[in-house]
Each structure stands twice: as C-alpha cells, then as structure tokens.
Amino acid sequence: MQDPGISVLFKGSNFIRLLEGLSIALRISFLSVVISLLLGFFIGVLISGKNRFLKIVYGIYLNTVRIMPQMVLLFIVFFGSTRVLGINIDAEVSSIIVFAFWGSAEMADLVRGAIKSIPVHQFESAASLGMKKRTIYLKIILPQTLRRLVPSSINLVTRMIKTTSLVMMIGVVEVLKVGQQIIEANRTTSPNIAFWMYGTVFLLYFIACFPISRLSKSLEEKWKLA
Amino acid sequence: MDIQIMKEYLPLYIDALWLTLKIGLLGIVLSLVVGVFTALFRFYKIPVLDKLSGAYIELFRNTPLLVQLFFLYFALPRIGIKMDAATCGVLGLTLLGGAYMAESIRSSLEAIDKIQTDSALALGMNRRQVMTKVVLPQAISISIPSIVANVIFLLKETSVFSAISLMDLMFTAKDLIGLYYKTVEALALLVIFYLIILLPVSFLGDYTERRLSYARSGN
Amino acid sequence: MEDSILKIDDLKKRYGKDTVLNGITLSVSEGEVLVILGPSGCGKSTLLRCLNGLETIEGGSVRFKDEIVNDENGVSSDITELRQKIGMVFQNYELFPHLTVFQNVMLAPTTVCGRDKKEVEKEALTLLEKVGLSEKKDFYPSKLSGGQKQRVAIVRALIMHPEVLLFDEVTAALDPEMVREVLEVMLSLAEQGKTMVIVTHEMAFARAVADKVILLDGGVIVEEADPETFFTHPKSERAKAFLEGFSYERVKGKKSIKKGA
C-alpha cells in the first residue's frame, strides 16, 4: 500500500462532514427517543388500566413493531405515504415517525412492566408504618419503579442510535452516506480510503453507543439488589 | 391493489425469501456456535481469550449490522480480504449474532449455582463432563427465551442485506418500486413475506417462554 | 489405625486471612459412622468439602486409604477417580433439574464409569425401590418434595458404590415432617455397615447413628468421644455449653444455614 488513504479522512472538511453526518443520525435518534419516552410513558400508563380494548389494540401494535423489521416500516412510510396518501414525507421525517412509532411501543412495554412490578406488599408495609399515600408513592413506589425503568430505557437509546444507520437506505445523508460520498470523490486518487472510512464509521458508532450501554449496564448492576 | 401484478412478482419474492432464509439460518446457526464458545471463554475467564471475547462482544453489540456489513464488504477488500456478498452476509450475521448469543448464554451459565458443579464433581465427573452433561444443558434451557428473541432480532436484521447488493426481499421490493411504481403491491408482498418468516418464530418464542416459566414455577 | 479409610492429618484451611480449620486430625475406619457437630460457622461443612477435594487446603493432608486426596500442594490429580469412591450428599440436594430422577441416578455410573447400561438400570431401580421412590423415576426433580429429592440424591451417591459417604447437613433444608424419611434411609445405611461422615444438627439422630462424635468449634476439635459419653458426660466445658445451649444454638444454626452451605 503506497497510499494508505487515511490522509483523505482529514483532508479539507472531510472529517467535519463525517461528524455532521453522525450528528444527523444522532439528531434523528434523539428526537425519536424524546417522542418515544413521552408517548411510551403515556401509552404504558394507559394500558396498565382496566380497559381491555386498549390492551388488545396495544397488543397488536406492539407485536407489529416487534415482528416487522424497521427497514420494512421505513419503506412503508417513506414510499407508501406518497403513493397512498398522496403526500411527500421527507426521508428524515419518515425516519422519525417510524422510530418513534417503534420506540413508543417498546417504551410502553417497559413502563407497563415497571408498573406491574410495583410490589403490593411494599405498599402495605409502608402503609402500616403510618405513611400517607402521597409519601408512599413518592418515597417508596416511584424510586423502585424508576430503578427498573431507567436502565432499560437507556438501553433503548442505544438500540435507537444503531437503528438510525438504516435511514441511509431511504436516502438520508447521514454518516454512512457521507462516508460513501467522500469515497466516491477520492476513488481515483486514493482507492484505499474505503477501508479507513468504513473503519472510522464503525468506530464512530461504537463511540456513540458504548458509553450509553455501559451506563445502562452499570445502573442495572447498581440497582439490582435494592 | 393489482392482484395480477402481485402474482407476477410472486416468484421474485420467493427467490428472495430463499436467499434471506438461507443466509439467515446459516448465520443464526453459526452465531450460536460462536456464542457458546465466546460465552465459555468469558465464563471460565480463559486468559487472553476472555479479554478478546469481551472486546468482540462490546464492539459488535454497540455497532449496527449495516455498518458492519459495509466494513466487511467494501472496506476489507482494500486490505486484500475479498468475500462475495452472500459470505459477507453470513459472516456479518454470525458476528453480530454471536455477540448477542454469547451474552444470553453467559448470563445463563452464571445463573446456575456453583454447587451444581460441586455435586457433579462429587460424583467423580471431570470438568468436561460437568460442563457438557450438567451445566451447559441447564444454561441452554434457561437461555432459550432470549435465544429465540435473538433469532427474531437476527431475522429482522437480514433486511439490511440489500445494502451489499444481495437480492433479498428489501432489494426486490425496492426494485419494483423504483422500476415500475407498483408501490402498494410491492410493499404488501414485502409485509406478507416477512410475516411468513417471522410469525412462526414469534409464536415459538411465546410458546417456549410460557412453557419454561411453567417449568420454573413447578419448582 | 490399620483399617482407616479416611485419614486427616493436621488439616489447615484458610479463606484469605480467616483460618477456618486449624489443625484437624481425625480418622474414619471401615464401617464407622462419624458425626460432626458444632455451631454454625465452625467449619463443619468446609471440613467435609476438603475430604473430597472440593476445597483446597493450606496445610496437612487428607488420605483415602493410602492415597493422598488433598494436601498443601493441591488436590490430587486422580481426584475424579477418588471422588467416585467418596460419595457426597448436599444440603440442598443438588439434583440436576434438567434430568429425570432416573437420569439423575444413571448419569454418573454411565458417563463416569462407563458401566453397562442394563446392569446400572437394574441397580438404579432396586435402589429407588428401597427408598420408596421407584414410581417417581420419570419425574423431574421440580415435581418432588424436599424429602423425596434428598432420598434421590442419596441413591445417586450410592449407585457409585462409594467406600465412604459424606452427608452435609442433608436435613437442614427440609420441612420438619420430611426429616424423618431421610434420616431413616441413613440409619438403614448405617445398619448395613456403610462408612459415613455426617454433619448434622439433629442431636437425637446423631446419638442414634454415630460410632464416634466430634465437636468442632473455632476450627479445632474440642471434643471427641463415643456418642454415649459425648451426650451424657462431655469432658470439655465447650461441649457442655454446646449441649446445654442446644435448642438456642440449633435455631441460630438453622437461620444461618443458607450462608454456610
């Protein structure tokens, strides 16, 4: 290898462009996560009630997003919307719709699980100590619920970031796409850039996800026995 | 919806289905093999291999399959490692799946009381017999629900294969949308075919989960 | 002692800085039933686990007949063969949950000794019959009561034809009404002349079954006597206190059993 190609990575604004691409991926996941957290929390509380109809509808919803690859959902929203609804939904917006749709279902399931796990006897033993209902919820129930909920929600964030890599398949110019463009532009001068480029993208994703999944894991460990 | 058109496209989808299934199943079987070995390296804290396995697991659990495939298919040939797209697909799925399977199996291995090992040793079994006859069978059965969940996850992940120009279901659908504008028909077939692949596994998942929790409650 | 099966000489065991066993010397001869008593945390279970090399030791030695099982150089390289001759039954049964009762009993003789399957099957049935569990042979352990599980565990150890059997608080995890069914099996083994080392908290049983009783405390043997002497005229103050405070000690012992096991 005369030209290792690595220099192209840092030529001109190439690396900045790459980071911009990454930031688009992160922006999509951030927005999707926020919507998922809010919507998922709301749905999760809703289906923890007694309404059977809601439970059935949610069951279908959850199973749909669990069974269908996100890729398929992306295609349906991106290509299908134009055709069926006659409106043109931007690729980035399509992605956010799909990821939020998926994430809300997952989040609602986590919330439902956390609510279900609220220990009845904890409520009773707190009550027998003479605590007020409000105090019991704030001091006993909520902390325990959050301890279950927070690590798995954080984990959902990394899943979301990884899934954003799919958006290039419907034409969003994110980090992988930027990488491709830089490779194309330098194909003749430094053919080996592909190795360095995709290696870098690989690492960038790792750098984005690893600390978050570590955090999730360590919180889970820390709160396990409590 | 134009049923006639859908009938016409059906063979293309069936071909794609086979491709997805072939690569998917091969990748899943291999990922189980990789997963078992990696889990054992970690569980027994075998020097060097333990650390390597740990790094491998983190690396592949914290990056998307699409990026991994790009690296295997477009980057590696630049340093002289050339594989065809199908091989890359199998390898990518194996590496990704191996990392997930390893974690499932390792946590099950850790869930088995150390004294089970002691009791097998006390019967005069050697380390290998203890592992193959006593610990591993229990670990596998504990980890079945999460293995099935991984299988579903991996089968869904196969939907990115079109990115390395494998003519899978997504590729076929995109082709039909791009070339003939039969969007609704193409998408309907896409959904139907993914249901064919994933519904049975999903039911299997529900079934094993229920059966296993029943077995556990019997204790 | 010319006919001793197990010979323990100045055994020392430490966990980090904690000395658990501090110079235990003992021998068990053929056909003898040795009962080890002591407050919880005195190292009884640890001592038992040293005898078949489940624990390493820091000093002294354990011999089976003339062969070294365990000494400060580590566990014998022939340990798997030795363990076939030294059976062990655990407090929490430790049946293999993925195998049926019958498979649990069959596993070691067929895989470890490579004995003829037909012959082992016949013996397994006979042994299960003896403990009254032949009807349960195709059940999984999760479907058995604690007492039944423990009887299966005893059969699983017996089918290896061990020359000595180690029992580690085998009734401690059982509901009171199931204790008897297990102890009766052990009594009948003693009658048949099996060599046994028993760690237990059941005083009446100890008195009935033992040829020799030792009291372990603070990692040393504080009293060694035949059962009559031990229970009626103990020599040491420690043994007197132990027997007097028996019911209290026993409750404490029960409570901390999980930790000690």
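We call the chains A, B and C, going by the order they appear; numbering starts again at 1 in every chain.
One rule holds in what follows: a residue touches a chain if its C-beta (ideal position, glycine included) is under 8 Å from a C-beta of that chain, and two chains touch if they have at least 3 such contacts.
Predicted model, so just to flag it, every value in this text is computed and none were measured.
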Remaining connected clusters, assuming chain B were absent and nothing shifted: A | C
{"item": "B-C compared against A-B, more contacting pairs", "value": "A-B"}
{"item": "Distance between chain centroids, defined by C-alpha means - chain A, chain C (Å)", "value": "54"}
{"item": "Whole-Å separation of chain centres (CA-atom averages), chain B against chain C", "value": "46"}
{"item": "Distance between the centres, which are taken as Cα means, of chain B and chain A, whole angstrom", "value": "20"}
{"item": "Residue numbers of chain A (touch at least two other chains)", "value": "none"}
{"item": "In chain C, residues with contacts to at least two other chains", "value": "none"}
{"item": "Junction residues of chain B, two or more chains touched", "value": "none"}
{"item": "Residues of chain B touching chain A in the complex", "value": "58-59, 61-64, 66-68, 70-71, 74-79, 152, 156-160, 162-163, 170, 173-174, 177, 181, 183-184, 186-187, 190-191, 194-195, 198-199, 202"}
{"item": "Partner chain C, residues of chain B touching it in the complex", "value": "113, 115-116, 118-126, 129, 133-134, 137-138, 141, 215, 218-219"}
{"item": "Residues of chain A that touch chain B when the two form their complex", "value": "1, 5, 63, 66-72, 75-76, 79-80, 82-84, 158, 162-166, 168-169, 176, 183, 191-192, 194-199, 201-202, 205-206, 209-210, 213"}
{"item": "In the complex, chain C residues that touch chain B", "value": "49, 52, 54, 80-84, 86-88, 90, 92, 94, 96-98, 107-108, 111-113, 140, 142-143, 153, 156-157, 160, 166, 261"}
